[in-house]
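Can you keep this structure in mind? I'll have questions shortly.
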């Protein structure tokens, strides 16, 4: 129990993954403004206006913040679901390729293994594409050289990888290593991969509508600027500290929303895409180590 | 970090995309009404009624505004999902047409390329249809002339484009360039395109139920009209400004809902349909640059 | 902008579509009760009890009202989705029938046209069934006379229309005008139509659980009855008016929920089912004007 | 309108379907406790502690109650959807069996009718299974005697009914009365039935997590026990009544959640499963009265 | 009714399944801190600062707690849905294997029974995998020895079980005991099993984003630390107790979220995975006791 409790406090004060670094400047500005107001109050300027508290009904602000939080989290979770679906589909497609495609000549098994690697390459290419990175050597080990070179000139590399997988399946069908029902079922899984690629792009490219982002920022600013006038009478010299704490609370929620909204990056709050890709690779390697009872060449 | 923070403030004061231009008149009217009340108060008329604050429980108003916000955002996001699905389906259908349809005679490849262009034309026609625009020359480069002329007389142009794609697929099946399973799978993707067209029309044509729109507007008006009587005692001549700020807050949320609700237009908060259509076109062009290993004529 | 703003106020004061006519009696009763309480107060009876405001925490009432609003709106929107799905499925099924069924003899085209009209008849029959109306002459133009007479004796007319469409498809398959994959795909679309009919019936027949409806009404009554005692001290003779306004706010939200919950009727807040059916009919007519390249009789 | 309004009040005071009978004891206990506190107060014990109102922030309590309400309602609605899906799937499967299975010998039609009755039996068996009832004579008219006896010894009767339907379909396929595509499509509908049975079992067997149920009850108790100390100063002898009313409000919401959570029982707030089963039976009977144009024996 | 009511109170005071054991230390710390503040107050230090109550708007805290609760519950419910889907799919796949695979030689029935057991083994292996446990003898009775040994070296045992099932189906297809449509349909059910395995892994491995967890803990700490200063003036020596109660309320909600988030463990709030697996086993045994009318060897 001590361990558990210690961890609770550890997490509460952890800096990595928290949004403090993103908002501390704004918080300090608000605090200094609070100090300024308490100085003015000290010199008897009539800056105390408790009624200002009703300018922005705290329920409106609170609900808008929650709306921000919910939509950002939904994107995060939808992004996670897409990657989960990519993992599942790669596993299913790999299993079906491994189990169902007949091996007539000796090279057929190698073709199957190359295609299983292409499946992992699809996931890796999607990861790089979502991060806006170029095609790197992370992909080089997974796809043949000729294809690797072609990929470098494409707008949307994962789409071309999907094309090659589709082309491989069609060729196996033409060589009678695959019947047409299985071809159709596998094409559907491939469609599924492309659908999830598209869904990730959608999350990446469509942030929350600008009008909400602007309106929320305006309300937050207004709220934090009016705050010192409300509380200076009762808090005196504590005004600065308290205003800073409140603005920390509110800016923090907004900043998390901003950070979570695009979950495909590198920081502590993003999805562990590298780990997911590695798991996929490991599952494929495990699969290759089992031998299916397909029709063998002889 | 300075860059980031600067951007935060820049966004907060950005005019483009904000709803200020849509609501400033109403805000000014409310402000002037507030000034009027403070003048009456100055002449000792008994206009101060703090209890009026409880007429519209702020929780009810706040929750209604959030309801408005949520439903509007859901439409926006559903519209985005529909367009994402159109992109994905066009990519998948294009890949399958390119990979799976056999090329028996020399003209077959041209037929395939024309059909890939028809897929883009479907998206463009959907865009124009949702915007209530006529068939323009944006479509002219994507479809043959004879079809372009026919399209001009139709009630729902994208439906006819879907008909032509379906007809092309059926013809390929009749010429044995396509087996029946793949035909069925492709028809399903085509159905998917039409489903998403219908979903966009649904979003466009079904705003929030009238009764909610009316009731919310009535509550907002009532709230803003009663506000000066509540606060005039404590705020004096500041009443006008503060009432204007509050009404800005509330009308702003309602106005964003109104603007987001139909996301298929041209302004800064709408979906970037032109960019989406261009991406689609670019993906198709990339695909055409790769050659599939289909059965070739000889 | 003037136009826009004018419309905003127009909508706010619009009577058609608002719920005023549904609740004005209850509002007047509450107002009169408020007047009564202020008369008692005038004669120095100790009716003022501000603490009563805490009997029903406004947050509980507010959240219950929002729960009511959300569930009612979800039904409305689900109903709209079902009708959108009916439109889409009719379009897709019509296109596939038109494109894929071979025409061996001269009468085959007439059979196809009759079936396309049956599809529209399905939608119209669903509309009438949901509105609890008898089979009227609106259907007569869309289905053959013999079937029209049979339909009059059925419990659930749309189901029989679906049976006839399914029977037609099976007959075409037996005559080799349709292969079995396409038959299956079309049967699935037909299943989809019946699913959406069932979903509409579900929305129609399952209102919000009675216990919620009762509890919410009880809380509303309690709240409105205790209100005058709370506010009479500060408002004096204004009590009646203010109580009426508050009860208008609250009863209004409940009444909208009640009205939206069943969206298949005729009033201004219901779905435009007649317009939807007409659009469907127009799309089918457009389709018939295009000629498919099916195998023709000769 | 008078009718409508009268009904509004009638519903508000209706006892059947309300939760009063479930909570009145707890409400009375709370009321008596309030009276006790006011007696203590009368004898000048310092029991008045208005600050206690902040112990449980009413927003926290309110939001927890709403969470309870939402999750319970979602189960109710999901249960309703499952039954709607059972209705739809039974209709679709019945129509396809009736239309698509060829009748080679004279007994084939009887086999079809027996299977249509098995479909209704599936729904009835599901209803009984969810209610924890034994196999009764309600089922006896729908299934052959031999099967009825076997059913009595099974853990999960609907599953066996599904097995018999699947077995019938497979037999028709083996006798060439059904092609393999249609068999697969029908098996999928059968899977759908079993999926919905499983979904109902899931709703039945997984209540809200215990920790929530406990925590909510503890907060409610704490809130109601501290309430009299808060209000006794201002309300005096009214304390008992008011505390009773408040506890009625809160316990009521919790009790509805409890009642709605399992919607498969017999009381006024549960789903009308008997009526749904009867509708299904009537639809099947209507279907049997129409004759399909299948290949007839001769 | 007495029984029911007794149960209500029993549940309210039940220790098993409640989160008291997880949070009592933090609650005591908060209580002691409250006592400390009241001692300081007793010695006339100016520690009373009622305005501090506004530092963390209770609406913001409340809404964040609800957000936490909702997301945790959604994971719990999604996990339950995944297991429900596994149950349904195992039932459907078992029924189809039992009904549809022809038995040519005497060993074929044994092969079918072994495969039905493999289906249960898939569920059990998933359970163990989610709990991070090694392959135990719970699996030994369900799979052949050779496979059991192989399974011990795999990263993801359920995936290998799925491979064996897929391989069995493919072999039956190669031996003509199964047609290709049914093979495809069964492969889809198998894909479904793997999808649900992946969904459970996703729930397990992706907790709520770290930034939210940290921010919520910080707000809770801040709130509980500032609380005694707010209330000490009015509560005096009661401060400690009341602060402890409030912190119990709030920490409790957070702790439940933490506990529910991963529902695959062993404690009272987790899913009854062992019971679910046993139900599945019983359903399979019931199925084996019925004999299908497949083509028998002779």
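As written, the chain order gives the labels A, B, C, D and E, with residue 1 at the start of each chain.
Everything that follows uses one rule, which is that a residue touches a chain if its C-beta (ideal position, glycine included) is under 8 Å from a C-beta of that chain, and two chains touch if they have at least 3 such contacts.
Here's who's who by UniProt: A, B, C, D, E = Bestrophin family ion channel.
Since this is a predicted model, take the numbers as computed values, not measurements.
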Given chain C (Bestrophin family ion channel) and chain E (Bestrophin family ion channel), the chains that contact each of them: D
Chains touching both chain A (Bestrophin family ion channel) and chain D (Bestrophin family ion channel): E
Centre-of-Cα separation between chain C (Bestrophin family ion channel) and chain B (Bestrophin family ion channel), whole angstrom: 23
Chain centre separation (chain A (Bestrophin family ion channel), chain C (Bestrophin family ion channel); CA means) in Å: 37
Residues of chain A (Bestrophin family ion channel) engaged with two or more neighbouring chains: 59, 63, 66, 181, 184
Of all residues in chain E (Bestrophin family ion channel), those that touch chain A (Bestrophin family ion channel) in their complex: 21-22, 25-26, 49-52, 54-57, 59-60, 63-64, 66-67, 71, 150, 154-156, 159-160, 162-163, 166-167, 170-171, 174, 180-181, 183-184, 187-188, 190-191, 194-195, 197-199, 201-202, 205-206, 209-215, 217-219, 221-222
In the complex, chain E (Bestrophin family ion channel) residues that touch chain D (Bestrophin family ion channel): 1, 4-5, 8, 11-12, 14, 17-19, 53, 58-59, 61-63, 65-66, 69-70, 73, 76, 80-81, 84-85, 87-88, 91-92, 95-96, 98-100, 179, 181-182, 184-185, 189, 231, 234-235, 238, 242, 245-246, 249-250, 252-253, 256, 259-260, 268-269, 271-272, 282-283, 286-287, 290, 292-295
